[in-house]
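For reference, chains read A, B, C and D in written order, and residue numbers begin at 1 within each chain.
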Amino acid sequence: MTTPRDPDFERRVRDSFARQRFMATLGATLDVVRAGEVHIGFSHREELTQQHGYLHAGVLASVADSACGYAALSLMEPGAGVLSVEFKINMLAPATGARFVAVGRVVRAGRTITVCTGEVRAEDGTSPVAMMQATMMAVRGKGLSD
Amino acid sequence: MTTPRDPDFERRVRDSFARQRFMATLGATLDVVRAGEVHIGFSHREELTQQHGYLHAGVLASVADSACGYAALSLMEPGAGVLSVEFKINMLAPATGARFVAVGRVVRAGRTITVCTGEVRAEDGTSPVAMMQATMMAVRGKGLSD
Amino acid sequence: MTTPRDPDFERRVRDSFARQRFMATLGATLDVVRAGEVHIGFSHREELTQQHGYLHAGVLASVADSACGYAALSLMEPGAGVLSVEFKINMLAPATGARFVAVGRVVRAGRTITVCTGEVRAEDGTSPVAMMQATMMAVRGKGLSD
Amino acid sequence: MTTPRDPDFERRVRDSFARQRFMATLGATLDVVRAGEVHIGFSHREELTQQHGYLHAGVLASVADSACGYAALSLMEPGAGVLSVEFKINMLAPATGARFVAVGRVVRAGRTITVCTGEVRAEDGTSPVAMMQATMMAVRGKGLSD
């Protein structure tokens, strides 16, 4: 995508992900970390479902948000942190299937604002179950680094 | 807001909420159910946090999505179910505080599409920490009722 | 809403609006400028319609975007300019009626990011025809002031 | 993308576009109509600008909305019409350049709801200036066909 400003970006992303307690609660794993692209895997679990037995839309949104946020962080300089300004997600199909992956990709990285797309797919599926468009912000010097 | 088409709407909403296993995982409680307005409470917990120790944006989105979805369901006729078409959420301030409430309100209820706003506030706070605009859809006769 | 940082905010907003050539093309008028709230009026015109004879969704979005942007600018300090980061709009009902008003309101004003809601109503109507949630950004020292 | 349900989809899309008076007001032209993908071209014009002399965000949104709507319509059966439920657009870079194209693509076409992405690029540019995620709805038998 773009040359990363921090050659050590993968370690920074992995360290930060490890501190996101909510990702552990969801059973999500950080599968791929590239400059400008991050994949997070997760599975169907009873405790993550909505009233019809599918994964709750909020689970898809949570994992896609983290994938987008870490895709954005992967292109930021050392010491910068990332916050979600906003995101929008469309649910495209019921999240049937056993295992899923959310892929976050940077579309444009600015100094302050980074725009990303996120896509959630069943691991054995061809078409996405959800699609996100997200705005991330770099924060600096507020004790919010990484 | 509008006269509910189902006089028994509160029971339907409460029954459906009770089946959303993910709300139990988040420790969320269904506090208020009115025709066109639903409040869901939840608390800060370590296992729901992001890398800076605040509640993950996905937690705010998940609870606001359920509040919006149930506000929409409260105005639907018996037998109809609700699905999230899409939602968009802005994070307004770090979710500091011990206890929060997400309020979902119907702005316009159509036969197929219902549009809602959601707001997340700290219980002891004055200004919202997140704001949602959501599109919900009524589903009928697909084994997805309530 | 908030105390404006520029006592002369109304003049700044009016001067900038007057430079938005597209608002003139739409026949839009700047009706109300308060600190954190701006109203823009516009009328049904043949040249602004979509295929069914209603106002095009893009017209509603354009005017609501300007109303949100100027609501945000009204709270910024002298010399700052405003850019739209993103917006999301729901169409709630066909835009029937002769005259409309878009109201933009600041929900949260930060140093960089301001979040606004926009609402479009028919002047003689009770319920909104469109609803927006928008993210605006202050720009400084890039030749983009006001 | 998908096999069109109407072999005559291009004519239907072109006829409907010709009735969108607002597209003529913007000087927009329907450049490409494929099953599930539509391109609309437009140019920088003084009367479409915002306060800094760039194209107004609402212009980008209007053309991208039509491109998404017609991409959706291209996959609908004869007699169905299309309405915008909602859209969200991120502005990625100032719309500098003389000529632009908005490309709308269907991501998922359901019986009622179709989800699309839209992208606006300068004709001589490599990276997009705006990106949209839109929800379209099929309408039937309400005098809103095509």
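We adopt the following convention: contacts are C-beta pairs under 8 Å (C-beta built on N, C-alpha and C of every residue); 3 or more make two chains touch, one makes a residue touch a chain.
Here the structure is a predicted model, which means the values were calculated and not measured.
Q: Looking at CA centres, what chain is most distant from subunit B?
A: Chain D.
Q: Same or different: at the subunit C/subunit D interface, is the fraction of residue numbers used by both copies above or below half?
A: same
Q: Counting only Cα atoms for the centres, state how far subunit C is from subunit D in Å.
A: Chain centres of subunit C and subunit D, defined by C-alpha means, are spaced 22 Å apart.
Q: Between subunit A and subunit D, what is the gap in Å from one C-alpha centre to the other?
A: It comes to 28 Å between the two C-alpha centres.
Q: At which residue positions does subunit C touch at least two other chains?
A: In subunit C, the residues touching two or more other chains are 85-86, 88, 90, 115, 135.
Q: Which stretch or stretches of subunit C touch subunit D in the complex?
A: 16-17, 19-22, 24-25, 46-52, 56-59, 61-63, 65-66, 81, 83-91, 144, 146
Q: So in the complex, the part of subunit C that touches subunit B is made up of which residues?
A: Residues in contact with subunit B: 88, 90, 92-93, 107-108, 115, 117, 127-128, 131, 133, 135.
Q: Looking at the complex, which residues from subunit B come into contact with subunit D?
A: Going by the criterion above, the answer is residues 85-86, 88, 112-113, 115, 135, 137.
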